[in-house]
Every structure is written in structure tokens, then in C-alpha cells.
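The structures considered in this document are given below.
Shared between the two complexes below is chain A, which pairs with chain B and chain C, respectively.
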Partner chain A sequence: MRLLTHNMLSSNIKGVTNGFPLRIQVEKVVEKEVEINHDFLRNIFPKIDWKALSDASRIMGYNELPEVPPEPSVLESDIEILRKFHHALLELHLEEGALLCPETGRSFRLIRVFRICFYSRMRFEKMVWCLIRLRFGDYEF
Partner chain B sequence: MSSRPELQAPPEIFYDDSEARKYTSSSRIAEIQAKLSERALELLALPDDGIPRLLLDIGCGSGLSGETITENGHQWIGLDISPSMLNVALQNEVEGDLLLGDMGQGLGLRPGVVDGAISISAVQWLCNADKSSHEPRLRLKAFFGSLYRCLARGTRAVLQVYPENLTQRELILSYAMRAGFAGGVVVDYPHSTKRRKEYLVLTCGPPSLSTAAPLGKGEDGESCSDDESSGDEENQTVSISDRHRPRKKQKINKKGKGREWVLRKKEQMRRKGNAVPPDTKYTARKRKARF
Partner chain C sequence: MKLKQLESLLGDLQQFSNPKVELEQYPTGPHIASRLLYTAENSFDDISNKVVADFGCGCGTLGAAAALLGAEQVIGIDIDSQSLEIASMNAKDLELDIDFVQCDISSLGWRGQIVDTVVMNPPFGTRKKGVDMDFLFVALKVASRAVYSLHKTSTRDLRFGVPQLYKFHKKKEVDIAVDLWRFVPRRSGERTINLRSAV
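What follows is the complex of A and B.
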């Protein structure tokens, strides 16, 4: 998951007043190169919660983002900061780990989904097995 | 539409591994999905300045609609309830991030961050109560409420839906309006049974000029009668058997298929690995006249 998405997500558990930002538990970070688009970065900048982004990137092991948000006018000219912003926002992927709700501490695991599928197939087979047993239960097989 | 998937099983059960594979490997479904998402993006009416936006794809499934968004150069986040479908999306290495979740429990996004939302054939699932804890009205309310909150002011959400009947459409629309959305339903090809597609075009924010719903395709103004133009649309999809049509067209062609055709077909079958009798002098020879 990219930090862009992390920056948009907030916990929607009932009763939580401030579900943002979700805390990150890192297990594996992957970097994937993405083409930089300056217009997109400038456009998305006002919507990004800078503190959450810089904290999250620090947790992921990328320390080059400044803690104080840059002025929007700086973004127009400074290519270097745009590049760093781009890297943190779109290229850092949290491959494995968990997101924790900041208030309740409930964890949302990040997984490659095929594990879930495997699990559900197992459950399905078990279910079929139970059904067979039920079916034949009357006849004492 | 005799077998609506909504009536068969809850979405997370219905779209299991085999259904997900079927869904993605079918080129017909892929084409329809691409068309629908293309049209939804068109209705979204994003400003035409070449700046990529952040879109939300609700019920993204295997990422077919997401691919269209990527092709148009936008970033997206997808949400779906079926792990199997998301698994296929992961295997296809789609660009957007995927979230496993139930839209009926709210979207869980920060307010005002998304530049637009599309949803292809998903929202009608909300009208079904699959668990005893499900109350369609509450789920619709939670969904539209959270959608309204996460969209930026003045942006649009385009939801393509297959409502089962008039009441269902009204239910969906009334909850959208109650959440604060302005807009309405755009119907493409209203006279055709198969091509007819409904889009809820919702604008976030107070009603203004830009919130007027755009015109649907294949719609001739106000008239509902079957005009010539709409009749053409229908003929493409609905086949009407015509009594005056010549019975069998093959009979007109007396010559039949020649030896080359047979040989070519046999060669084709061989390449497929089928058991085909060898070519001899008897292959596709003419019968005698007295036969």
C-alpha cells in the first residue's frame, strides 16, 4: 500500500472521534519506481496531511522528508523537494505489516490477499466435509 | 435478467475464486466493464487540464474498471468486499491500492480528499440484507453519508447500478439525496432492454448549474415513443424474428464448400490436436449424379 492511500484512510470504527492517522507497523517495505508527475503532486499537496506523511515515511525508513510542510510556492520551483514528496507518496509501498486504529488499537492487517483465499478455500473444504458428514449422518456411514 | 447475482448469495460468497476467474477471463465481461467505466469517467466530467486526480473505485472487483482509470492517467484507490476478486486484481498487478471492506459500513476515508468516485454495478448489492444484522436503509445511509464526506466539494460520483425495480431505484436515489448529494439518474439507451444502463450522477455540494444531469446516450429528448432512431439502436441488440425473411440462406448457394475448404478445416483440427482421418483421394469428392 502506498502512503498516498495511508494518508487518506481513517478508522471508521463506531465511537472513534479521531481515527486519523492510522499507526503503521512495518514488516516489509518495497520501493517501486513510478513516473513522476509534477502537476499531480501540486494538485494533491493541499489534501495531504503533511505531518502524517512525514511521520509515516520516517517509520518506513525514509528520512529525507522535512517535518515542516513546505510552502505551496516552493513546490512550483523546487524540483528536489517534489522528488522527495513523490518518492514518499507513491514509491514507498508497505508490503506487509499492519495499520492500527489510533484510539482503539485495533489492527488492520496488510496481506497479500492470496493467503485469505487459501484460507477461505480451506474453510470451504471443511464446510463441504461437514455437509457430507451431515448428509450421511443419518445413515451411520 | 432472470438470475440476478444479488439474489443468489452475498457478494463475498458469490464472487469466490472460480467466479472471480470466470469474471476476469471472459473477454465479453471485460469489454462491457471497460465500456461502462469509460462512460462513467466521461460522466464524471473531470476538468480537462491533464492533471491526474485521485479517484475512488467502489466495488473495484478484479480491477477492470481501475485499468480504465489508469489508462486515463489518474490515480485510484479501490474498495471491494470479495477477497477472491481482489486477489485476481493483485495478480494482475493493478496500479491502485486495494482495500478489503464493506461499503455498507462506511468508507473510512478522511473528509474531502477524493476528486471523484466511480462504481460499476455495485451499489444495488446494498439493497439486499444478507445477514440478520444488515438493514439496507442503514447501510445505504452509511454508504452515501461517508461517500459525501470523503469527496471534495463540487466533485462528482458516478455510480452505475442495476436496480431490480422502480422501488429499489427510488430507495437508492432518496438516500443519496438525503446524504446531501445533488443530481439524478442518467439512462443510456432507455429503449433497449440489454444495452440500457443506468448511472447515478451525484454532485457533492450545493446545487448549481454544474449539477444538472447530463443527457443519456440514445435518448431522444422527451419523447418516449419508438422513433426510427431508437429503433435502430434496438435492432442491434434485440433480435426480432421476421416471418418474411427467406428461410435458409445456405440453400441459395448450390455449389457447397469445395475440397480446399475441407482440407483447410481438417488441417485446423489437426493443429488443435484432434483425431482427424487422413487426407485421401476420397476426401471431399463429389457424389455421382444419380445419387
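What follows is the complex of A and C.
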């Protein structure tokens, strides 16, 4: 899960007054390179809660993001800060862990992309079929 | 990406193997999903370089379609962990980076209109009355650009093939007529548009 997702979500459980930001329980962090999209970053910047992003990135082990948000004009000229913002927002992934409601502690489970379970024989067969298809690429079966 | 190419990629996705009747888990077929997202992208520019959420994503067809059309970030929300596991496998097969969160739509809050576009095929509310409106209520609070949503209707504009998944479907396959709606937040001079004629 990217920190952009974390920055959007809050807990809406009954009785909770301030559900943002969700607490991050880190088990495993991975970094996945994504092509930088300057326009996207400048558009999303005003919507981001900078403190939550910078705190979350520190929890994930990335300390480069300044605690104080830069001026929007700085983003136009300073490629370095834009790159750091990009890295924290889109390239740091919480691969294993949980998001917890800051008040009740209830967890919102994250689904890992690599998790594979076999529930039934039917699904197992589907899975095998899928692998065969991938191996043979463009050939139709 | 061409419409046909999108549809054929979506056709390869796995769907529910044991659909849960209480959650009204009907798969969103590749035909309808590809057309929904294709229209959102090409007629309204609501997908590429945008943040897109798929509420009640099930096996993730709509979210995958959004990612294939160049959404910068896609988030899939569903209450059912089994379908999310299928969804994450589907995303992996297509090499797409989608964040899936298992959660009840009503207990997850959103920090304002932080998502650009919501695409969803919510439960129709035939088993639990009003649940489709719960989805819509959250979606309209979250989306800053538009909400695309499929709803049951008596007018047959889009045909929604539901294969025989539940035992109480007597006929082999039932066509349920659904409308695709596009909702936009009210700003000066803007109205809610029904997309029926566009698809």
C-alpha cells in the first residue's frame, strides 16, 4: 500500500471523533520504482496532509522528507524536493502490516498483492490454466 | 489502448468462484466494464493521471480497467477478503499496482474529496435494501471529479449478464438491466448527467 492511500483514509467507526491519520503498523516495507509524473504531483500536492505524509514516511524508514511542507512555488522549481515527495507518496509500499484506527485500535487489513490461497480445487485448476497462458504468451488456447 | 484490447484483457480476469449471496457478488463482465471505463476516459478525461477508487471492487475488474487506462493510483475497497485475494491476483497477473483495503464501506472515512473518480458496481440492494445508496452516499462525498455507478433499472439500456451463480436463479442466465450513471459534484452551472445515451 502506498502512502498516498494512507493519506486519504481515516477511521469512520461510530464514536470516533478524529480518525485521521490511521496508525501504521509496519512489518515489511518495499520500494517500487514508479515513473515520476510532475503534473500529477503538483495537482495532488494541495490535497495532501503533509504532516501525516512526513510522519508516515519516517515510520516506514524514509527520513528525507522535510517536516514542514514546501511552498507550492518551490515545487515548480526544485526537482529534488519533487523527487522526494514522489518517492514518499508513490514508491514506498507497506507490503505487510496494518492500518489501525487511532482511537479504537481496530485494524483495517491490507491485502498483499502476492498473497495466494487455494480454497477449492476449482480455483486451483483456474490458477494452473492461468500460468499456462502466461507461459505461452500470445498463443491462444 | 483500444476498447477491444481492454475488453479482452479484462476477459482473462478470474471471477468469484464461490459468490456470496448476502453480499450480492455479481461479477462485472468485461463488456460492460471496458465500456464504462473507456467512456470515462475518452469522453470525460476522468481516468488517466487520476486517483481512482473502486468501491465494492469484488474481483477488481473496474479497478484493473482504470489502471490499464493509465490511472496514477487505484484503490480497491471490499468487505470480503476472499474476493480481494482474487482481485490482488488479477492485478498481479496484469502487472498492475493497485492498493486493496478490506473494510466495510461505512467504517472507512475519507479526508474530503481526495479521490478524483469513483467507479463502482455496488450491490443492487435487492438483498439488503438501501445498500446501493450507502455506497453512493460515500462515493459522492469522496470524488472531486465524478462517480460512475451501475444501478438496477427497469429500462434496459445496458445488459448485465449474470451467469448462474446462485441456486435460486432458475433460468440459466438472467439479464438484469442496469443504468450507468455519471455523477459530478455540483459546481456552478453543472448538473448530474445520465450517461445512458452515451454507452
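Throughout what follows, the second predicted complex is superposed on the first by the 111 of 141 C-alpha atoms of A that agree within 3 Å, B and C clash if a C-alpha of one lies under 4 Å from a C-alpha of the other, contacts with A are read in each partner's own complex, and residues count from 1 in each chain.
To be clear about the criterion, contacts are C-beta pairs under 8 Å (C-beta built on N, C-alpha and C of every residue); 3 or more make two chains touch, one makes a residue touch a chain.
Just so you know, these numbers come straight off a predicted model, no measurement behind them.
Novice: Applying the touch criterion given at the start, work out whether A:Pro102 contacts chain B, chain C, both or neither, answering first, second, both or neither.
Specialist: The answer is neither, since A:Pro102 touches no partner chain.
Novice: Going by the contact rule stated at the top, is it chain B or chain C that touches a larger number of residues on chain A?
Specialist: C
Novice: Quick one: is A:Lys47 in contact with chain B, with chain C, with both, or with neither? Answer first, second, both or neither.
Specialist: Touch status of A:Lys47: both partners.
Novice: Quick one: classify A:Arg2 as touching chain B (first), chain C (second), both or neither.
Specialist: both
Novice: Between chain B (first) and chain C (second), which does A:Pro70 come into contact with in this model arrangement: first, second, both, or neither?
Specialist: A:Pro70 sits against neither chain B nor chain C.
Novice: Would you sort A:Ser10 into first (chain B), second (chain C), both or neither based on which partner it touches?
Specialist: So A:Ser10 meets both chain B and chain C here.
Novice: Show me the chain A residues, by the header's touch rule, that chain B contacts in one structure and chain C contacts in the other.
Specialist: 1-2, 4-5, 7-12, 19-20, 37, 39-40, 44, 47, 49, 90, 112-114, 116-117, 120
Novice: Contact residues on chain A for chain C in the complex?
Specialist: 1-2, 4-5, 7-13, 19-20, 32, 34, 37, 39-40, 44, 47, 49, 90, 99, 108-117, 119-120, 122-123, 126, 130, 133-134
Novice: State the interface residues of chain B toward chain A in the complex, per the touch definition above.
Specialist: 16-17, 49-54, 75, 77, 83-84, 86-87, 90-91, 97-100, 105-110, 112-114, 146, 150, 152
Novice: Could you list, by residue number, the parts of chain C that touch chain A in their complex?
Specialist: 12, 14, 17-18, 49, 51, 72-73, 75, 81-82, 84-85, 87-89, 91-93, 97-103, 106-112, 114-115
Novice: Across the complex, what residues on chain A touch chain B?
Specialist: 1-2, 4-5, 7-12, 19-20, 37, 39-40, 43-44, 47, 49, 90, 112-114, 116-117, 120-121, 124
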